[in-house]
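Letters are used for the chains, namely A, B, C, D, E, F, G and H, taken in the order the chains are written, and counting of residues starts over at 1 for each.
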Amino acid sequence: MKIAIVMGSKSDLSIMEECSGILRQFGIPYEMRILSAHRTPEEVAAFSKNAREEGFSIIIAGAGMAAHLAGVISAYTTLPVIGVPLDASLQGMDALFSMVQMPPGVPVATMGVGKAGAKNAALLAVEILSLADDSLQARLEQYRQDMKNNVLDADESIKKL
Amino acid sequence: MKIAIVMGSKSDLSIMEECSGILRQFGIPYEMRILSAHRTPEEVAAFSKNAREEGFSIIIAGAGMAAHLAGVISAYTTLPVIGVPLDASLQGMDALFSMVQMPPGVPVATMGVGKAGAKNAALLAVEILSLADDSLQARLEQYRQDMKNNVLDADESIKKL
Amino acid sequence: MKIAIVMGSKSDLSIMEECSGILRQFGIPYEMRILSAHRTPEEVAAFSKNAREEGFSIIIAGAGMAAHLAGVISAYTTLPVIGVPLDASLQGMDALFSMVQMPPGVPVATMGVGKAGAKNAALLAVEILSLADDSLQARLEQYRQDMKNNVLDADESIKKL
Amino acid sequence: MKIAIVMGSKSDLSIMEECSGILRQFGIPYEMRILSAHRTPEEVAAFSKNAREEGFSIIIAGAGMAAHLAGVISAYTTLPVIGVPLDASLQGMDALFSMVQMPPGVPVATMGVGKAGAKNAALLAVEILSLADDSLQARLEQYRQDMKNNVLDADESIKKL
Amino acid sequence: MKIAIVMGSKSDLSIMEECSGILRQFGIPYEMRILSAHRTPEEVAAFSKNAREEGFSIIIAGAGMAAHLAGVISAYTTLPVIGVPLDASLQGMDALFSMVQMPPGVPVATMGVGKAGAKNAALLAVEILSLADDSLQARLEQYRQDMKNNVLDADESIKKL
Amino acid sequence: MKIAIVMGSKSDLSIMEECSGILRQFGIPYEMRILSAHRTPEEVAAFSKNAREEGFSIIIAGAGMAAHLAGVISAYTTLPVIGVPLDASLQGMDALFSMVQMPPGVPVATMGVGKAGAKNAALLAVEILSLADDSLQARLEQYRQDMKNNVLDADESIKKL
Amino acid sequence: MKIAIVMGSKSDLSIMEECSGILRQFGIPYEMRILSAHRTPEEVAAFSKNAREEGFSIIIAGAGMAAHLAGVISAYTTLPVIGVPLDASLQGMDALFSMVQMPPGVPVATMGVGKAGAKNAALLAVEILSLADDSLQARLEQYRQDMKNNVLDADESIKKL
Amino acid sequence: MKIAIVMGSKSDLSIMEECSGILRQFGIPYEMRILSAHRTPEEVAAFSKNAREEGFSIIIAGAGMAAHLAGVISAYTTLPVIGVPLDASLQGMDALFSMVQMPPGVPVATMGVGKAGAKNAALLAVEILSLADDSLQARLEQYRQDMKNNVLDADESIKKL
């Protein structure tokens, strides 16, 4: 029931740590990997083909520019693959298009560009795992409640302005 | 373990039937619903809040224009929500941005625009369900194999040209 | 005859204060609220449904990314809703599309991205209120005259260069 | 309490009739005008300056391409001006940008591109008028209810599929 | 044979001085004006209608956002109007579309966004004036020769690297 | 005092005839040429270098895709060059960017995409020639008056609806 | 010295035949293959890794949507890879970005969208082969001359209009 | 077997040195030139026409804005021309479109925007030269291996986090 967080380069780490932070918060085991669709294609293929039997449930892949990583992983596995487009150029529009416009048959669950997307990738993973784990569901509800309370607090503070 | 396929208008049916076709092919029960984030917001809220206890595992939502449907559903549930942006204007770019750029905390697993996205939404749902169902995994592998065989057949036929 | 200024997060305040500044200048009562379409959907629904009987005439909503706030509010009220797309990503294009491309039936009066839009949102609200308040109309004319005088003064000063 | 529906060319009529249809449905008097910001600038100026005293409450302006009509009208009046960007080129993106990105001080309440926007322009006008007219408010609620019922009917019919 | 350089706000001066610099270099008289299509529409109209008889030959107009200035001026005069889109938002794409996509009948000679466009606006004006002034033509040829020499010098220096 | 209308391919003729139609209407001599920046670069260079002494005053150039024609002509002449971006792909956005974003020093007076731009190119040429020809100025005023009358007639007819 | 023309689906054949037509015209041997980066990833990898020793010199790859084919091939070979983005959605902008924005280290020589790009892909291949084959260079010069003559003929015919 | 690296202005040098760095690394002779399609068109033409007989095999051209340089060079030579769009405005989208959308007959092998594209331009050149030079092929394989090792090292280091 591990999650893999894969990124194309170490420079993506500061964004993708949004993922690992959430997973730690939910007590979900994960492994981070640096794998490049273009510089280590065989390692990506091997990793993806073996991911399910290695015990991974979900693969989160973050990449920028012509971001093929998530799509290439998805081509080699039937595990759910979640893509996070990173803004390395063109405000991340190139990465977004390269991930979200997958042809029929090989899906990538695409998130928003950058940090918000990285955080949501982890939360989507937790949602998926919560289908078989009631305690995760409870923790997700609590996470939502905490977010809600933060907004309500902010609302109280602004009313006083 | 039902899937909900929700769309904003009956005119979206011809696209969203790509979803139901795949689900039938995999023998996965589903319900189709027409619910509008803007015209029936309370019904969307009620549906989303109760979806988990009504037995739904995953919600697929297709919408066009300022496509709020998937995001609004996700705001009311911790089930995985898969969004399909439909091309009702601006080549579907408005719907894509309205779905994929969700703020942190409330994810929508966004697919590509139109039919390809609708098909992939169902396949992502099957991938998620396959985490707890080995027979689905086997059928997904077969589906991939069939796709592969179609490409190999086409490759054979073009080599003869 | 109050105006509501709603925003999705406290970080939007520096932009949305362009609204409140104008309303104070015109002596129009307003309330600022932090409400999130995605993190406090029920509060948004409750606020919007009750807004008219709570004495609000117009609701101004500012949000960024997949900016559903204005559209969701409009779904629950027949009060005029004015949307201000904020630049949290993609230069605010995602927020603009998420607001302006509302489906038929549920309008959002969309302003430009960021501070200019926030200021114009308040001025549009004053214009609407001026339909039933001649003194507001007079003050609007004066506001326009002041803007005009500023331009004429700048014109004088540049002619001397 | 009349509404003006202004368009730049007779070829815009098929879209802008979405406006007049809604206004007739709500029993709101309106006048349609063809006025061009570029070909009849003085007539646009004269119309806009006199609109309030001619008894107009709101001006709806539809235009395509470099769509200056709504902005130019707004420059000459403090009445609320609602803009409808029309798709004469570039999918209406040029008209949308030309309307929505108004500088601070002179607002245009911008709708979506094309027919959906034209319909919403009229509905926003009704919402504005409803601030001083309870019967309009009731009719708007009924209009929303009718929309809702249509969605619910479609939902019933699709459930039976 | 004067040139008018019109801009919507004093904040545009740092860009539009690229125009005046070129005109001074060519010894062409010019006047700078701050006139706003939205804040001083009547002054724009009056200026534009009288420009030819006031001795202006060409009007250069720089503006940002929903940049109506050049188009509105062109609506009131048959003098050549040169538009410079300024980057006040959306990288100047809003201003570019608002200028270049003029409807048939009322042209605006549109330049590139920002400083390059401002400089080229002045050079186009000189080119136009050179049709009736052989000395200007000679100076333009010299200006081109100087540019060429700068490139050739840079080419020499880089060859030595 | 001839105008050159240059286009990259015979297939552009149906659009560029908007130019020649206007010029005939104003009694201005013109020559049409098919010259390609990419397929006949030397002919473009020779034509452009000699254009002024061949008696041309203004060069109008229409091209699509990576539309270099207008810029290349401008590089070889100090005559005013008017560019018409044609929609051969990407809605003409590629041609627009390839024309309007000229670097400083070599201007292209860029028009809107397609037929509207082609017509305006000819009208801008007439405006330029009118600086030295009072009869052209009078005819331009009449042309504007005719356009205005058409709008006023349409306005009359729509008022009767 | 063979060229490979690879495409993701048989439906791309009508565009990619622009490639094969040019290659036949130049007498260059080629093989057409249907290989999908997403549906037959292992076949793509095997093909790409062996391409050089199978006697291929250059690989042309056409694909649409999230067009990973060219990039994935390039990841497995140091042969020149030429990419042709196809318009299957979003006017081919998704495919263009997915090809051209390759990260540093793994180049794809990207052509324009659609038929023009497919033709140019073949011509670039011929240009590359001409570096070691003077007869190809001569034929390329002749091809250019033929194109030039076509333009000159069209120019003659339009001058007579 | 020299490579030419051409750029429109000395300010492009910091980007284009990514090219020369790679070529030095592979021991490939090159010459850098500053040539402007708009300011030194005749020098560009002369350079391009003579490039093959001057001993150049490939021409790399970097330019920004309406980036005609690569296309103009390609018009004068049948050598392979590699284009690098530079970000001088509009995030380099204008330069990208001006390069990649070449009409059929005159190809430009277009790279990504900026430094990544500049580096890949040189690598593509090496790939082309490797067709006739086995030692270059070996060095390319080594370069790929080095890139791969860097990724594997980064992967090792992140696993330890």
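Convention: a contact is a pair of C-beta atoms (placed from the backbone, for glycine too) under 8 Å apart; a residue touches a chain by one contact, two chains touch by 3 or more.
In this text, all values refer to a predicted model and were calculated from it rather than measured experimentally.
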Chains touching subunit C and subunit D alike, please list them. B, E
What's the call on subunit A versus subunit B, same or different interface residues, using the half cut on shared numbers? same
Taking each chain's centre as the mean of its CA atoms, subunit B sits from subunit D at a distance in Å of 34
Separation of subunit E from subunit G, taking each centre as the mean of its C-alpha atoms, in whole Å: 42
What are the residues of subunit D that contact at least two other chains? 36, 39, 65-66, 89-91, 93, 100-103, 105-106, 108, 112-113, 116, 144, 147
With touch defined as at the top, which chains are paired up in contact here? A-B, A-C, A-G, A-H, B-C, B-D, B-G, C-D, C-E, D-E, D-F, E-F, E-H, F-G, F-H, G-H
Inside the complex, what are the residues of subunit B that reach subunit G? 91-93, 112-114, 116, 144, 147-148, 150-152, 154-155, 157-159, 161
Taking the complex as given, what residues does subunit D use to touch subunit E? 8, 36-39, 41-42, 45, 64-66, 68, 71-72, 74-76, 88-90, 93-94, 97-103, 105-106, 108
So, in the complex, the side of subunit D touching subunit C is made of residues 18, 52, 57-58, 78-80, 82, 96, 100-113, 115-116, 119-121, 123-124, 127-128, 130-132, 137, 140-141, 143-144, 147
So in the complex, which bits of subunit G are touching subunit B? 9-10, 13, 31-36, 39-40, 43, 65-66, 89-91
